[in-house]
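Each chain gets a letter, A, B, C, D and E, in the order it is written, and its residues are counted from 1.
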Amino acid sequence: MSWLWGAILFWLGAWALNARLAGSRFAGRKVVRFFVPALFGVTLLVLWEGIVRGLGVPGVILPPPSAIWETITGAVPVLWGDFVQTIVKGALSGYVIGCGAAFLTAVAIDRSPFLQRGLLPVGNFVAALPIVGIAPILVMWFGFDWQSKAAVVVVMVFFPVLVNTVAGLAATERMQRDLMATYSASYWQTLFKLRLPAAMPFVFNGLKIATTLALIGAIVAEFFGSPIRGMGFRISTEVGRLALDMVWAEIAVAAVAGSAFYGLVAATEKAVTFWHPSQRGRK
Amino acid sequence: MRSVLPILAVLGAIVALWYAATVWLNSQWTYDQAARAGVEVSFGEVVADTLNQDRPVLPAPHQVAEGLWDGLAGQKVTSKRSLVYHGWVTLSATLVGFAIGTGLGILLAVGIVHNRAMDMSVMPWAIASQTIPILAIAPMVIVVFASVGLTGLIPKAIISAYLSFFPVVVGMVKGLRSPDAMQLDLLKTYNAGGWDTLRKLRLPASMPYLFASLKVSVAASLVGAIVGELPAGATSGLGARLLSGSYYGQTIQIWAALFAAAILAAGLVMIIGGIERGTLRRMGMAR
Amino acid sequence: MKDTTTTAGTVIEARGLGLTFQTSDGPVHALKDVNLTVDKGDFVSFIGPSGCGKTTFLRAIAALEHPTEGTLTVNGMEPDAARQARAYGYVFQAAGLYPWRTIAGNIKLPLEIMGFSKAEQKERVEKVLALVDLEGFGKKFPWQLSGGMQQRASIARALAFDADILLMDEPFGALDEIVRDRLNEELLKLWARTEKTIGFVTHSIPEAVYLSTKIVVMSPRPGRITDVIESTLPRQRPLDIRDSREFIEIAHRVREGLRAGHGDEV
Amino acid sequence: ADDLTLQLKWVTQAQFAGYYVALENGFYEEEGLNVTIKPGGPDIAPTQVIAGGGADVTVEWMPAALAAREKGLPLVNIAQPFKSSGMMLTCLKESGIASPDDFKGHTLGVWFFGNEYPFLSWMSQLGIPTTGGADGVEVLKQGFNVDPLLQKQASCISTMTYNEYWQVIDAGIGEGDLVTFKYEDQGVATLEDGLYVLEDKLADPAFEDKLVRFVRASMKGWKWAEENPDDAAMIVLDNDETGAQTEAHQKRMMGEIAKLTAGSNGALDEADYERTVATLLGGGSDPVISKAPEGAWTHQITDKALQ
Amino acid sequence: MKDTTTTAGTVIEARGLGLTFQTSDGPVHALKDVNLTVDKGDFVSFIGPSGCGKTTFLRAIAALEHPTEGTLTVNGMEPDAARQARAYGYVFQAAGLYPWRTIAGNIKLPLEIMGFSKAEQKERVEKVLALVDLEGFGKKFPWQLSGGMQQRASIARALAFDADILLMDEPFGALDEIVRDRLNEELLKLWARTEKTIGFVTHSIPEAVYLSTKIVVMSPRPGRITDVIESTLPRQRPLDIRDSREFIEIAHRVREGLRAGHGDEV
């Protein structure tokens, strides 16, 4: 029980400190910007540890973070191999192909009103196919290895990027378009010089959402058949073996990799859409 | 209905491609079977066979349509073989999950935009939460909920909400921050509080972002509900149909369930698109 | 000049005010060593070359920018505090109407925020729409209006509620002479009736002279005040006062001040 | 009536006919029991459900149960309605595999999720590494169905005599085109489909009594199912909420299941248990369990139930 | 008046032009029965009350709006065709700079589109930046500039390439008198040098008279042309021409025309 109360006290203290820090004039500093979310995370972990130990939750239901950490440090080669298989081969390649295809489709759809009226509804439809349904089919088509995982990722990221890009391409102001009209700018010139820059805030929305979807897609697709490596394989296998510490170790790797991936895209966004009010206001 | 013709044209093209793919993907099996039986088959026989296999790699459109029609209209809607029945089970969890997820997403986004502490601490963890493969923890979630007596719709809806809140957060944070400096300054001169700024400026300005997010998130809700159905005993719902079809290699059943799910998702997206158009028109933003 | 002592009637008081923007390619000194006292009921015009800091100064008064040097008080308090007391009506240089609200909706905005009753909102909207000649356009959206009409709508928005201090950044820039004359007269009437304190940015020398009790001439980068001209014209000003000798003299002094300021730069 | 929840290892099918029969024919009710049967699925680890308190009794394979026991979840076998194992490896004849010696260099489909233990033990007894290459076998995590074999992504796949094997046949591949290796015949059979409960709860006499009645009724169900396979299959079909099962398949499955339950009255045969443990301990470098478990089974319930 | 025959030098020709906007609460007649001929090398000013259709007319010439009645030709062709021939430089009433481009980048935009070489782009940007007194601001982003500076940047953008027809919608609205005078002079020089045809919307009567060869006075809703005044001033115009008798006479006529137009409405 003391574990539980300790954790709760820690939580309250950390929250107060965070609120103070975020409100303070140091809030803009790099250290603080790193420290605040880190402390929040540590708080979550302490709460978790406290609850698991305090309430005596069995390790086969939910292992404490300390046990997970031990597993991580003890199984680095396995985790690394899984990471390469699932994230580098499956998720990343699928992400690049899927986002690229969605982006090009959006531009193509936008180019032709005919396609826009014809393809968009059908595109919505195709892209709304649930992953659990397509994964087995794609595994059947593309084989067990990472290619089928990449294909699942392609299908998963396609829709968010498509929808956001189409919305973004429509997000120009009248005067901005009129200006291009007075130059008699060609379609492509208008696209590259006006509509794509103006669409970027939307496009990055899609790209950000797609980062996490790519990870989920690659991992989940492995549930439906895989070689005997990969994060999804490990997770599904180890759940059956009740090795939940290993399951959570994989999840931790996924979370760290996913956050890093997201952070990368967010940093790119910041560089590309520096002019947008949502970025300009914040230093 | 100006859009009927384009849709039909696109559909026609897809169906044609699909038939071609059906022949191509299924022919291997036909040839293998012929080889096992030791007979020669002509190309015409191959085509005929590939379009009517029981366990095709890719079922032909008419097979899927048949399966779909049988599932939708061929059964009493209360029957366990009816896709309407399973679709409804999934839809109800989807809608509840979508409502929870959207509400939560908007609340989080508002918190993030208005409160620095939340901005700095919550966002990174919201992101991390989405990298957890839900299908992996869904069984545990279901087990935990079941142990406190929650079963049926709610655990599924929660998994669905978990998948759907994130697109809303990302889109709304951006949307709520999209008003430009002058628009914000105007309210400052009125000394408008956070609540007024939200209501009168940030929310209306975020509408285009919100709707783009909602479309993504409703599709995610559906996926969540289906994923949630698998570990819940996979007894009813489109997820269960997909899974059992998959388990027994009944490709046609999978595709029929898949299409039912996609029709559902497309319908939901279209409804949101309709609301979007209406709202934007009322706001004078429609073009 | 009376800007050394603070009287009870002082509304705006700047002492050694400076404001520097930090940009990626170095600091921009927008305002430097600005000293000014504005009394209650004053009508102060700011005039100066483009980019000299007029907008920045008005924004600082309204607590939209924060000075990096010196002190600035409004009604004896920090501008921030004055803003919290809802002391300001502000007309921005660009109309800045919310695109999702109709014209009437835009004018209603401050009224909603300040909690006026529905009935009063309606009444006031009607009144100010008439004041700026936009009757019948209440239901249109901003993009359905011409540039000048948008600007008038934004003036109406600032007039709809009774702020003690009106800050107007080139409100009549996009209006034709005749409408402008009419609005000038209306503004003077309003000012005379309500004893508001008005800060007014303009590029038109006659307009500045016609309207103001005090004309502040500024010079560019870093923005400084080069002259403060107290008008000797009576408070009651018919339009034809503009042909009077006094008027022309003041206008001349303003023009000289401006020219001198420009000399630095151009 | 006393409430009791049973977690199945897999989806509703004739593999669990005995329990559904007992439920439908009122055998449980006669014993004063109100039994809830929870179907399983590819995502459900029965061991985890019981650990989380989601069920009182679970149907599980012994390798998984013993592995869970070693992980700290004290499962105890209270009854064993299945006498023999139905697991086998089914290969395409055209792949050239005629005996276990031919496996090397081929790709084999295996179920994981706790079902991989018998396979791993067998391979280590054969001395074949499962890491691929010319000297070993390439292992695929097999999904839900028999597609890997039909699509020739694997030379052999895991099948159950009562289920997946017939799906291969139904797909149109003749029995003559297939080569099968039953684990039973290879001497590496492990016990399947036993009933397991948590050890500490056994000490509670009230719970023990419930279990006794439950096992008695369940075995009655099983024996009824063995005698009336077609009716039993229909009962299963009625209980399938997904509506995906077909009558023909379930009737045939019931027929095969009856062969596996035939030799059992419900009580665990200690020799079978020892053989299972020996197989699992022989797992080579990475054995499924590292030492012979203690207290992993009991006749406490069956002794009373079968009197 | 010479608007009955079309000479070889005719650039813009409107006959019975009408333009009606369909809005949710009924049609808005923005232009009605407009007849006008503009010859090559003309400098035409449009003046008229706010909302009378000046912008709409300019937009129609640039093929940004499509007339609902009558005919409009530019260089003898449809406005659309003329636009495709890149006949226009347009300065909008609001600056409309792209926020993701620097000032220099914004000015470069038309040059990129029209395929000028890199070197020439650079050279032209420098030149027009100097013309509008924005040297040194090329690397700033639009939101870092004052309102008047943004407007000057947008003028620079329209001047950077040599369009035959310059359409300017209140380009100098946000500028102070002195900068305005300077830019007026520059514009006249440019016009004299290049023989461009210029359409120019302004609210300043002196500005219109000073710059134009032809002053078009419009009256409000539905926008009609009430007077077309051919200037008798010489093409060479020193600033002090504004004190000449002729100038004052023309200005008077314009003012009368405006007042008459206003009478209808206010």
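Note that in this section a residue touches a chain if its C-beta (ideal position, glycine included) is under 8 Å from a C-beta of that chain, and two chains touch if they have at least 3 such contacts.
Fair warning: this is a prediction, and the values are worked out from it, not measured in the lab.
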Out of curiosity, which chains are bumping into both chain A and chain B?
-> D
Where centres are the averaged C-alpha coordinates, which chain has the largest centre distance to chain E?
-> D
Looking at every pair of chains, which has the largest contact count?
-> A-B
Inter-chain centre distance, chain C versus chain E - centres from mean C-alpha coordinates, in Å = 28
Quick one: report the Å distance separating chain A from chain E, using the average Cα coordinate of each chain.
-> 50
Chain-centre distance (mean CA atoms) for chain A and chain D, in whole Å, is 38
Measure off the straight-line distance from the CA centroid of chain C to the CA centroid of chain D, and report it in whole Å.
-> 84
Considering chain E alone, which of its residues make contact with at least two other chains?
-> 94, 143
List, in ascending order, every residue of chain B touching at least 2 other chains.
-> 57, 135, 139-140, 143-144, 181, 230, 243, 246
Which chain A residues sit where two or more other chains touch them?
-> 61, 136, 140, 223-224, 236, 239, 276, 280
Listing every touching pair of chains gives A-B, A-D, A-E, B-C, B-D, C-E
Could you pull out which chain B residues touch chain C in their complex?
-> 182-183, 185-192, 196, 200-201, 204-205, 207, 283-285
Counting only contacts in the complex, chain B reaches chain D at residues 29, 33, 36, 54-55, 57, 79-82, 86, 135, 138-140, 143-144, 146-147, 230-231, 233-236, 240-241, 243-250, 253
Considering the complex alone, what residue numbers of chain E touch chain A?
-> 59, 62-64, 83-86, 88-90, 92, 94, 96, 98-101, 109-110, 112-114, 141, 143, 167
Chain D residues within the chain A interface of the complex | 42-43, 45, 47-48, 51-52, 64, 67-68, 71-73, 112-116, 130, 138-145, 147-148, 151, 153
Considering the complex alone, what residue numbers of chain D touch chain B?
-> 11-12, 38-45, 48-49, 52-54, 143-147, 150-151, 167, 170-174, 177, 240-245, 249
